[in-house]
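The structures come next, written out as structure tokens.
The following pair of complexes shares a single chain, chain A, combined with chain B in the former and chain C in the latter.
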Partner chain A sequence: MKARKIKEKIIESILLASSSITSITVLLIVVFLFSQGVSLFGDSTVEKGSVMAVNKNNPVKELTGSQIKEIFDQNVVYWNEIGGKKDTIILFRIDDIGNYYSDEEIGENFEGLSECVSRLVDSIPGILAYFPEKYLSKNFKGKVLPLEKVSLKTLFKGKEWFPSAQPAAQIGAMPLILGTLWVSLGAILLALPLGLATAVYMSDIAHGKVRRVMKPLIELLAGIPSVVYGFFGLIVIVPLVQQVFNLPVGETALSGSIVLGIMALPTIITVSEDAMRNTPRAMKEASLALGATKWQTIYRVVIPCSASGITAGAILGIGRAIGETMAVLMVTGNAAVIPHTILEPVRTIPATIAAELGEAAQGGLHFKALFALGCILFIITLIINLLVESISASNKHKSH
Partner chain B sequence: MNKLESIDLNLYYSDFHALKNVSMAVKANTVAALIGPSGCGKSTYLRTFNRMNDLIDNVKIDGGVLLDGKDIYDKAVVTDELRKQVGMVFQKPNPFPKSIYENVAYGLRVNGINNKKILDESVEKSLQQSALWDEVKDKLKKSAFELSGGQQQRLCIARALAIEPTVILMDEPASALDPISTSKIEELIYELKKKYTIVIVTHNMQQAGRVSDYTAFFYMGSLIEYGETKEIFTNPKNQQTQNYITGRFG
Partner chain C sequence: MSSTIASRKRRNEQIAFWLFRLLSFGVVAILFYILYFLVSNGIKAISWEFITQMPEDGMTKGGIYPAIIGTLYLVAGSMIFAFPIGVASAIYINEYTKDGVLKKIIKQMTNNLAGIPSIIFGLFGMALFVNQLKFGDSILAGSLTLGLLALPVVIRTTEEALKAVPDTFRQASLGLGASKWQTTSKVVIPIAFPNIITGLILSIGRVSGETAPILFTVAAYFLPKLPQSIFDQVMALPYHLYVITTSGTNVAESRPMAYGTALVLIVIVLIANLLANALRKYFGKKVKMN
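Entry: the complex of A and B
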């Protein structure tokens, strides 16, 4: 008697332990993701240990990351373009010091360098000096610009993703978010009609035999590794898109959409086919007994009855498309620019993370920015899952 | 003339011989009850009259089923057209997840009738025929699922009547209902007989006795005895019929 009780206790605690481990793991991953992602905010896009300084009479008080990039790319050449006087911007990097001062003034071991930089900034009204913090002298005569902190605005308003840019990293996530949404939307537009048609065919029209062959085939489609899809897309679909639309490159959002659409098909078909097959037989019989044809029964009874299942299938399909990494990485061309048509290369969030995490220094801005992207992706898929939940919940409510 | 008739009807589900040489006829404007133990083939037989068995894979039929003297298994017959003449009410109330109004109008809509006036008239007439009008006339737009089980079944009858069939098949229409709803359905059958020919499958012997003019006793896929209900219940010719009616088996 006692032995049995102990045994049950042991089993119980094993079960408890397993479920706690699972829950804790999930929580840990989410906490880790967000702690890394959120630590991005408060960092500066300008490399640590560097200083941006201007002449003390320059009215400009602050430069944003994108302004710095524009200046260094020489797209902005006058101070008045960014709220200053009508001076030409004179860029100064520490390597340029030899152009202004002799070696004697700088000193053999750069002991005079700080002083030179200070004097230089003071003497040129239009200067923008970018130099290591260690050459900032104690009685610096210029004005050190405060470094812009990364905020949600930087992430969502920025139009460029170039996290390794010098001196200011560009971490606008919008091109990637839009790329992800474009590719997924295209995928779903392609997959939904095809998937629904197949589901209707399998649930209500195909003979038992056909269905028994088709269903495992379609489920097999879900089991193919995504890298194989990517390979297939690269070899077959990319050249096809390039030829059909006569493009310079075939790696476009459209190619990604086609590959993802194929990958989302099994989810859409199986989920919506199950919903259609779960339409009560009595409903179908009632409709047929009233003289409705097979097709009338399908669109007046079967589809309305399984509407929530169909929606759930579609949303799960989108979810799969949004999170997909490998296949998209291989066929979309990976250009981090805001797409204007689906015939341009785009880059998705998962593909960006996969491609760049290896080259991002751990703990650096780039690294944290990738985690912030992960957080965005997580939130998107979370919303999708919640949508599915609420739809299937409302379905249960309706059928009772 | 006989409204419905079957001649040497055999039906097979794959290898299973479900109906064996069934020959019987139903006169117009009468109620014929089909009785027998579970699995005897009475529901299968009922479903041959509107070809609902066609929906099941591997069903094979030979012999003839005649409606107004015409074979309904003839190649020229379109099943949708046939089912507009032969309405059906099922065992469990099975309204569509639509409004009361749309449930009754369904049969007309699938026939391409969308004229609101015609629909309104037909819905009212059908609901009155099925004795449901007074209970639902103020809530036609409400979901059919808000009705009680008995009301739902009368709604299903109204739905079948709306397409103006000449025959109504009923597959144990009161088996899922309480006694009060059951008696309402039985009264309704009595009323409907004036306009329609009714074939009803029932497990309830008293019900068969109350509502039907003719009764057919099925056993193991064969029609054992068929005759006037009074005769069958008071003076059955076959021993098996006698045993079943007196409750010795089944």
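Entry: the complex of A and C
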């Protein structure tokens, strides 16, 4: 008897341990994602071990990552454009040292190099020197600029995403966030009317036979892998969009929305059809008995009654669309720029992670930036899931 | 007067119904067209050689044998991990806990896990299994990542299966003096078993098509040999389809291969769904007769 009791206890604790694994996984995901993502803040966008220095009389105190990029792209050529004097900006990279000093001065093993850099920065008022930290001499005569640290502002206000740009990486997530939202909202705008019409038809208009054929077919299409939808989109939708709108490339936000819309259809249809079928029979019959037509009953009774279920389906569809990776990666063209129309290539957050993680060095700025994107995505989808749950919970509450 | 209102009403109803019918058939037509397009193009590419040979000539010729085997390994690996744990945790949720805080937390966390996008599983799998635990890009890391993704699916379907077992069965067994575990293992699980297996089949369908979680944990671009251990990389069907359509050496020439691969993936999902439906129907009747 006692042995049996012990056995029961052991089994129960094994079961408990198993059921705690999902919770542990969620916690681990949060820990790994956020520890990597948050370690991005405090890093500098300028490569580690490098120094930015100016002449000591230059009033400019610091440069942001985007200013550095503008200077090195030669979009900014005068110091007064960024709060300095009227001098021309003279860029100096360590490879340029031969233009200023002879080999003897630099020395065979670069022993005179730090001295040369120091003298050069001192002698040219408009210089912006970018060189490795090891060539920073002890009595350096210029002014070393403090490197800008990555902050939430850099991430959310930055308009450019070039995480491997030299000398300053650009990690503005704005174009990616906007790209994700554009594609997902487009998908839902396309899928919602079609999905709702199908749900209404299946729940209240169609014969039982038609419904019995349609329902499994739609469920089957929910099971087809996203990479297959992406493949279909690439071969059929992308050329179609290109032809219809006469575009140079067909990989656009619109193509992404169409493919995602098709993928979201089964979710929207099944969830809202379930909600409509849960309308109490008594309410429908009361409406019909009062002389309302079937159509009046549908849009005056069934649809209002299942409104929260329909909303849940729509939000769930948006959530799926936001997190979708492969199909979007294959059809949206992946240009990391802020889109102006839906006929331009865009890049979404999941697609960026999928496309770039393979080439990002582990522990580097790029790597951490991708994890930070993962955090953003995680938070967005978590909010959406909680929203769906609270809607369906309140729904359950109402129907009881 | 009243008859014209009634007839107008009826006309409106007719118009509305036809509109809805049209839209729904439009949806079904789109979905059918996708299936038709992929199947009709894929069938031309499929042959015995296609599913039994190694890829050749920069993946423009030959077959997809290593990708099929790789996907089989990953499906098996992920299910070895996810199925027992998923079933055990569903049993705990449904049979052992009473409605309370613990049950709420477990269910909430399972829901949260189910809602996480697959690319995040990929990120996490890489951070934990590949880097932290130093499994490297391997079948082990990929299977565990896919297993975590499949866990909520297994838990949910098993829970549904257990809920479908009438409470009178449990009461009868407990009333005869059987213990909780005896009741669960001898009465509840045997009745729920077919539906639990249905859940297993559905999660196999889901796992075999996932691409994002295996991108950085296991998938190899081109590897024309079979894995020797669970620490080897493998090719996998969904990843293979992705690379030969987007970044292969010759995208145009490997198009037939891509159609074939897409069809194989669809057939796996199709078989999983049909099998699950058939099982559900067959055993559904049986339980009712009891």
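By our rule, the second predicted complex is superposed on the first by the 399 of 400 C-alpha atoms of A that agree within 3 Å, B and C clash if a C-alpha of one lies under 4 Å from a C-alpha of the other, contacts with A are read in each partner's own complex, and residues count from 1 in each chain.
In this text, a residue touches a chain if its C-beta (ideal position, glycine included) is under 8 Å from a C-beta of that chain, and two chains touch if they have at least 3 such contacts.
Computed from a prediction, not measured in an experiment: that's the story for all the values here.
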Open item on the list: If we overlay the two complexes on their shared chain A, which of chain B and chain C does A:A361 touch? Say first, second, both or neither.
Closed with: neither
Task: Contacts of A:C305 with chain B and chain C, given as first, second, both or neither - done: first
Open item on the list: Between chain B and chain C, whom does A:G208 touch in the aligned arrangement: first, second, both, or neither?
Closed with: first
- [ ] In the overlay, answer first, second, both or neither for which of chain B and chain C A:N385 touches.
- [x] second
- [ ] Quick one: classify A:A286 as touching chain B (first), chain C (second), both or neither.
- [x] first
- [ ] State whether chain B or chain C is in contact with more residues of chain A in the superposed arrangement.
- [x] C
Open item on the list: According to the stated criteria, A:Q296 is in contact with first (chain B), second (chain C), both, or neither; which is it?
Closed with: both
Open item on the list: Looking at A:A3, would you say it contacts chain B, chain C, both, or neither? Reply first, second, both or neither.
Closed with: neither
Task: Residues of chain A contacting chain B in one complex and chain C in the other - done: 293, 296
TODO: Would you pull the chain A residues touching chain C in the complex into a rising list?
DONE: 4, 7-8, 11-12, 14-16, 18-23, 25-26, 28-29, 32-33, 36, 193-195, 197-198, 200-202, 205-206, 214, 216-221, 223-232, 234-236, 262, 265, 269, 293-296, 319, 322-326, 329-330, 350, 353-354, 357-358, 362, 370-371, 374, 377-378, 381-382, 384-385, 389
Task: In the complex with chain A, residue positions of chain B that touch it - done: 50, 52, 55, 57, 80-81, 83-84, 87-88, 90, 92, 94-97, 106-107, 109-111, 156, 159-160, 163
Task: chain A-facing residues of chain C, complex - done: 9-10, 12-13, 16-17, 19-21, 23-24, 26-28, 30-32, 34-35, 37-38, 84-86, 88-93, 96, 105-106, 109-113, 115-124, 126-128, 131-132, 148, 151-152, 155, 179-181, 202, 205-206, 208-212, 215-216, 238-239, 241-242, 245-246, 258, 262, 265-266, 269-270, 272-273, 277
TODO: Report the residues of chain A in contact with chain B in the complex, numbered from low to high.
DONE: 207-208, 280, 282-283, 285-293, 296, 300-301, 304-305, 398
